[in-house]
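My structure is below; once you've seen it, I'll send some questions.
Labels run A, B, C, D, E, F, G and H following the written order; every chain starts at residue 1.
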Amino acid sequence: MNESQIRKLLEQVSTGELSVDDASSRLRSLPFEDLGFARVDHHRALRCGFPEVIFCTGKTEAQVAAIAERIVTAGSDMLATRATSAMYDAVAARCPSAEYHETARVIVVQEAWQDRGIGEVLVVSAGTSDIPVAEEAAVTARVLGNRVECLFDVGVAGIHRLLSHRETIMNASVLIVVAGMEGALASVVGGLVSRPVIAVPTSVGYGASFNGLAALLAMLNSCASGVTVVNIDGGFNAGYAAGLINRKQE
Amino acid sequence: MNESQIRKLLEQVSTGELSVDDASSRLRSLPFEDLGFARVDHHRALRCGFPEVIFCTGKTEAQVAAIAERIVTAGSDMLATRATSAMYDAVAARCPSAEYHETARVIVVQEAWQDRGIGEVLVVSAGTSDIPVAEEAAVTARVLGNRVECLFDVGVAGIHRLLSHRETIMNASVLIVVAGMEGALASVVGGLVSRPVIAVPTSVGYGASFNGLAALLAMLNSCASGVTVVNIDGGFNAGYAAGLINRKQE
Amino acid sequence: MNESQIRKLLEQVSTGELSVDDASSRLRSLPFEDLGFARVDHHRALRCGFPEVIFCTGKTEAQVAAIAERIVTAGSDMLATRATSAMYDAVAARCPSAEYHETARVIVVQEAWQDRGIGEVLVVSAGTSDIPVAEEAAVTARVLGNRVECLFDVGVAGIHRLLSHRETIMNASVLIVVAGMEGALASVVGGLVSRPVIAVPTSVGYGASFNGLAALLAMLNSCASGVTVVNIDGGFNAGYAAGLINRKQE
Amino acid sequence: MNESQIRKLLEQVSTGELSVDDASSRLRSLPFEDLGFARVDHHRALRCGFPEVIFCTGKTEAQVAAIAERIVTAGSDMLATRATSAMYDAVAARCPSAEYHETARVIVVQEAWQDRGIGEVLVVSAGTSDIPVAEEAAVTARVLGNRVECLFDVGVAGIHRLLSHRETIMNASVLIVVAGMEGALASVVGGLVSRPVIAVPTSVGYGASFNGLAALLAMLNSCASGVTVVNIDGGFNAGYAAGLINRKQE
Amino acid sequence: MNESQIRKLLEQVSTGELSVDDASSRLRSLPFEDLGFARVDHHRALRCGFPEVIFCTGKTEAQVAAIAERIVTAGSDMLATRATSAMYDAVAARCPSAEYHETARVIVVQEAWQDRGIGEVLVVSAGTSDIPVAEEAAVTARVLGNRVECLFDVGVAGIHRLLSHRETIMNASVLIVVAGMEGALASVVGGLVSRPVIAVPTSVGYGASFNGLAALLAMLNSCASGVTVVNIDGGFNAGYAAGLINRKQE
Amino acid sequence: MNESQIRKLLEQVSTGELSVDDASSRLRSLPFEDLGFARVDHHRALRCGFPEVIFCTGKTEAQVAAIAERIVTAGSDMLATRATSAMYDAVAARCPSAEYHETARVIVVQEAWQDRGIGEVLVVSAGTSDIPVAEEAAVTARVLGNRVECLFDVGVAGIHRLLSHRETIMNASVLIVVAGMEGALASVVGGLVSRPVIAVPTSVGYGASFNGLAALLAMLNSCASGVTVVNIDGGFNAGYAAGLINRKQE
Amino acid sequence: MNESQIRKLLEQVSTGELSVDDASSRLRSLPFEDLGFARVDHHRALRCGFPEVIFCTGKTEAQVAAIAERIVTAGSDMLATRATSAMYDAVAARCPSAEYHETARVIVVQEAWQDRGIGEVLVVSAGTSDIPVAEEAAVTARVLGNRVECLFDVGVAGIHRLLSHRETIMNASVLIVVAGMEGALASVVGGLVSRPVIAVPTSVGYGASFNGLAALLAMLNSCASGVTVVNIDGGFNAGYAAGLINRKQE
Amino acid sequence: MNESQIRKLLEQVSTGELSVDDASSRLRSLPFEDLGFARVDHHRALRCGFPEVIFCTGKTEAQVAAIAERIVTAGSDMLATRATSAMYDAVAARCPSAEYHETARVIVVQEAWQDRGIGEVLVVSAGTSDIPVAEEAAVTARVLGNRVECLFDVGVAGIHRLLSHRETIMNASVLIVVAGMEGALASVVGGLVSRPVIAVPTSVGYGASFNGLAALLAMLNSCASGVTVVNIDGGFNAGYAAGLINRKQE
């Protein structure tokens, strides 16, 4: 249940379409719903602008499907990250409109997409192996109501690949930079633009990349001002943050 | 030299007020200026919306003063972080309008402040010892053209202190959360709002805080969606990023 | 053989029911029993209030079953943690009264449960994925003679979920807080109560959670006074410590 | 203002000794008081059983003295940890009854000590260099209303020193074990008793002790069941936790 | 080819039993033999008292078998550690007298064992899960010509198990202490004896044991004087060092 | 397309063999080619002396084959590292001249090898288990136009094995030293020669080798002057750097 | 009071020279003596062959002097490590026969040195900066009754410096190898000898030596069999262990 | 004594200018000279092309001066790194021709500089604070016989500063890239050139730069092929390696 659904309900009450008792009963379930193993936070959509997101790692297929169903039943859009295709099958059995973004490992249920952004979110990634994380960011930002463009495989070892897209880069409203190994792309992009840059280190690399630690530290120490960072492989979080930044404030 | 100064110069050329030769000569110095030990990046103001910032650590007082003078002489505002009071004295000798924010350790030269923001930046900090970092963020954001409000010493061990300011928190356009020790404040604030949250871990703590590592890791792993993170004690970077996010796009 | 069994034996000796030789022979086996690969510490129940617990990782099914049998044969209750279902089958073949708590991965043999606690142990956990560790703590505390209540999926990103249970939280005698990711729940709960809080970091998370290190460091640095911490995923240890704290002293 | 002071106030209201207005005015200041740089949490004493404690590191002498004065003025006991003697002088100038425990680096203001414990808290430490941390724990536990006994320099390299005090160890209600280097003392003590053990790693050692990391990891991995751990050099936290555990529940 | 074989050969030359050419030819192969992928160091037995040992990890079964055959063919004893049973099969096919110590994962070819030690090597281990590493140490020490005794599952959480074997411990010439988790056993044993103690941390444990790091750091920081340490799970190295220490010097 | 191919093309234009339009069309594709998931950097051969290299980890077989085909079609040599045999099959199906170096896990397509080096590259490795990394370095250096010699299994524990090859070592133009465990070989070789030494730490080892960290740190701290280091298991990078160093400058 | 003093006392009792009462009184003080801040372990000399050693770091000058006096008064030799010259002055005021080894930072009181060793202890060090740690090892070993020889500045970057002393190295009974930076010396020496080698990493180095971590890890991973390791800068511990190894067993 | 001095000496012997006895006597001192605390390696110049370099950290002023004098007396050039100005004074007192490079903290004694290089060494640095390390590299390379050029303060946050020097960069024979913070400069430069690049991480930065660890890891994981890395702040080592690479081979 999101903000416009609440307004609609309250208007129905004010016009008499809906009795106070019925409205009350529907609102009562709002704060959260207890599934025993999970408390679905229906209140979140009001508070944070998007319903609770399901982080699938460590949950069973049945748990994911049950939580997803409660969210969809409550009339909300639904986003599940780190989802296996088996989890998707379990969700799709209960929510037929669910879509699966395989590379991004994301399940989405969304009634009607609507552009809620100021400008465009641009997802830039360094290498081919970074694409799954970049796609997770892109799908997330799109579901939250943003136009999203992608620019993949433009790592700094061939900087002309990046600079040839300078215009696209300058025009973005928010930028997400996804890179493993030494993560230098975030600093170079950060130095080119005057808009917020969210850096996503990935676990791509070997040896002393220490599963993304090298890229994480590099991004936290970026010499370009104003770069902020999310967790290693945190595509979802970057997409979510970009969505918050790009959202028109009413 | 910032964007409006450039426009003005070009208009003067188009109206004949300024000869092409003189304009050319003034623009030529734009890209950067070589001081031997430093290349002052005058182009940055055009590219990134604010002139190069001086990170004072590891520089001598004379170097800081020389770089500051070149920036101010070029007609730009100037911001120097991690500045000692001796550095301030050296700068003030050459740039009399320089101001020193002692707690924040920041030197500022700014001709005319102007509100360039969509809303308000709110700086929230957990403990008294986090104030220097929080102030660095606040001063930086303000210099970049943002209205800034502060809410200090509202750590989660007494959560009613935080919740009693819920309205202030909900109304901010961008939030900066500054915390050392376990850094839990970022997650709690992140769960309350639907606006971007920038988390700043501080080196406040002892033992297994490992000079801010505990807070840094906690913030990177925040269970609240959309929290992004900057370096330990990175008040400047957080203020800068908040400024970019809050800036009205033309 | 626990304290009351010893007293009984000594009384039988004093009344002549048991000869000194027989008593002596039964007591002789007390200190520990050598199985070659393990020395079962029968003396522990007297010394520490509960017989030795079997930590199953790194042991074969046959070893677990053999040790379990010796403990049960000696008349003690038995607790085996990190047990696979195959280990359970091996134990059940020798000790038919053994029960298996699957989520908690714990095998229990207990003749007669008895409430030995001052109040109630409350197990609070942040997310659905933390439940196995939380259950291990809950089962352990219960076997040691405590009433245990559970409150799952009340992480700080939706703090109203937690605050709506404030009364349950305030009434507990000892609290176990189980959380992965940034582990902030321990600090928030610790700030709400005036009873001991035991924090259990879990390995739930990804990237810079470094298999629970982030939560561990956060909990060690909790700004709430009086929070103590156990090992990552250390549900057993937390349940055991809670049991010691809550036990009525005679 | 603690619980008994509140009851007294309410009784005065019920008997007419105190007008509703006056009582209201005194209670209003309760939640917290804003000193600009700090929000003194007067509510904490009610919630957590002891007023807010001042962690002095990173605060100026003036800040410590100002916070201390507000706490004492509000009628509460006061505890300040990691206090320098200069801080003590600043506090004593405003609160003449303040005492300084030099080895423990703790300032205390306490009107009337009262035994609120079930039994005795025993502080055991491994080496002479661990004494400051052990004393911090002891002073804290005592101020919270516990009888405290100390057993210093009984490290495991000469285990007969420890075993010769077996009776004292067995009789304690709660044990605090303070050790640097390899921290083995916690496991040995934990294996001897059936009461809660709180382990405090110290930064005593050199080389690969990594400022207490070795002892911290050792204690978290103790093979003795039910040992819980606090931060490196966290004497205050251990004393506080021991006080909560030992406190009689009404 | 070991020292006594060399002496014998030289004596045969001096008595004319062996021609200079033949002796020369046999000695020429001594320094090392190049198998392409490995240079078998036949000289080592002379230099270090024992032929080169095969560390099997990262080698193929064929490589292990080929190296083993060359060593045995050269008339030396042979020791291969971290060997799988498949490796054993490959070795046994070429060296029928090879024996496999399954728990220790060690293959041995030894013509005639001989006691070359001053006293007895005692291997003490903390828990059942530490036995494979302890056995590797024991087999290695025995093959090098030492009498070896073992004392398993005597961890410090039940210190009476250890103290009941005080005499055995006091009588050993060299002690190897094998422990995972917090590794405290090394300090306790080190404090009891006046003979060299070699500590072997194992990767037994979970969470913050970080695969043996906790035990390693603990042992390096042992408060008992004279404890030396080998690599995590380094049973072979400990056995080898104990053998060197215990060997009678001629 | 490499430098000589470009010169040829330009000569054809100058002689009229090739029309300006055709030449232009062939050059246009040069900078890079967008495959959607990858941007093949054809410009690299001109800029860096060798076409882009495919790092196969994290790519699908189809992606590797597609990128390889584009490089070969453009007339360049091709090198793919960390390639599985399944990847090789996929590449060979499209590029029949591809060769697979199994131990080195490298796929090569090379029309005509040519010696472009000043002297010889020598690859020295410590143990049998280091051979795959050493071979990766050797194959890479050879493909780049260098004569390469190898010296395997000459670790410092039997230093005569190394010293017996002193002449080979002294004569090399560039040396690559590959070692796991403690990585001491790099320092010893570095002290013997007056030519550049590139050290490659490998993940060979166990326990506190921490997957190559021990060797990496050792090599970075080499007491021999002028040793430079690449990533753990970075055979390719070492071979590439050695090729750059050894290349004749025109 | 050491073993021979005890025997003498008992003989005096048997011959009537000493009354049972007096002997009893002198023996009573044996186990340990409580100084309040320290328990001097007089029993240690009997148990471990040498009286308790004073580790001075973290102790005051007065504490060091008081403990030293108790040990000397009890008739024992005394060794204090990490002693400042101020500590020496304090000790010398009470124990006039105390000597100070400045480079080694060690204070010694020893009545009569006696050779108790099988052979000679050789201390080998890599660089000039490692000498203080090497001297601490040498002084310790000597005080324990060993003949000690030193070989300084023979690091592996100039291996001929080491090899020119091959004979000295081969003849030692026990070797202590002291090295910072990459610590390779331990492996090279370990490969040359057939006697026990104790490796001491030092904190000499910079950058990625991480205060001795690089050398520590290298030594733990030594490819030479039988090398054991002590803590970073642990000269005392190495000297003590070498003394135990070299001691003649009666 | 370097190679040409040796040749000259031998020629003098062959022409009878020098008696065999005198020559022998002068050569005898060659291998190394024992100063007690140091063994000066005169042989090194022959073996490695440059006399031993003095690493001053951890040495006394007297030790530095004594070693420097021995090297100069032997007729060699002398280089001392990490030298304080007090050390310089001590050296200059004995070697009047010594020069001090203050920023680089290097003392040099050099009779006659000679260009021994193939091309030019280019030292590129990211920020003003990196200059001391960059200067150490530049001075070292120059002393070894290389022409050296410097390009300072061209960090990637303003990439046009770097690209405007593309020609200088492309023309260098060897490049040294010095950068702290995230160290991205190494990857960008590495992607632009076809010559060897040596990356030097510096400890410039704060917070999660962990004293240069972030830059070190980034450089080890550079996506640009052929970048090799030296220790944090290892300017000397980089300059030395660059000198070896650039040296003409005879």
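We adopt the following convention: contacts are C-beta pairs under 8 Å (C-beta built on N, C-alpha and C of every residue); 3 or more make two chains touch, one makes a residue touch a chain.
Nothing here was measured: the structure is a model prediction, and the numbers come from that model.
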Please report the smallest number of touch steps linking chain B to chain G. 2
By label, the chains that touch chain B as well as chain E are C, D
Computing the C-alpha centre of each chain, which chain sits at the greatest distance from chain E? B
Which of F-H, F-G or D-G has the same interface as A-B, meaning more than half of the contact pairs match by residue number? F-H
Counting residue numbers used by both copies over all numbers at the interface, does the chain F-chain G contact come out same (over half shared) or different (under half)? same
Return the chain whose centre of C-alpha atoms lies at maximal distance from the corresponding centre of chain H. C
Expressed in whole Å, how far the mean CA point of chain E lies from that of chain F is 39
Please tell me the distance, in whole Å, between the geometric centres of chain C and chain D computed from their C-alpha atoms. 27
Measure off the straight-line distance from the CA centroid of chain A to the CA centroid of chain E, and report it in whole Å. 55
Counting only Cα atoms for the centres, state how far chain B is from chain C in Å. 50
Which chain E residues reach two or more other chains? 47, 127, 158, 191-192, 207-209, 213, 216, 220-221, 225, 231-232, 234
So the complete set of touching chain pairs is A-B, A-C, A-F, A-H, B-C, B-D, B-H, C-D, C-E, D-E, D-G, E-F, E-G, F-G, F-H, G-H
Show me the residue ranges of chain G that touch chain F in the complex, using the header's touch definition. 126-127, 155-159, 181-184, 186-188, 190-192, 205, 207-210, 213-215, 217-225
Contacts from chain G onto chain D in the complex sit at residues 31-32, 36-39, 41, 43-44, 47, 52, 55, 57-59, 63, 67, 82, 201, 203, 211-213, 216, 231-234
Listed in rising order, chain E residues that touch chain G in their complex are 47-50, 53, 118-119, 173, 191-196, 198, 216, 220-221, 225-232, 234, 236-238, 240-241, 243-245, 249
In the complex formed with chain B, which residues of chain H make contact? 127-129, 131, 152-154, 158, 160-161, 164, 204, 206-209
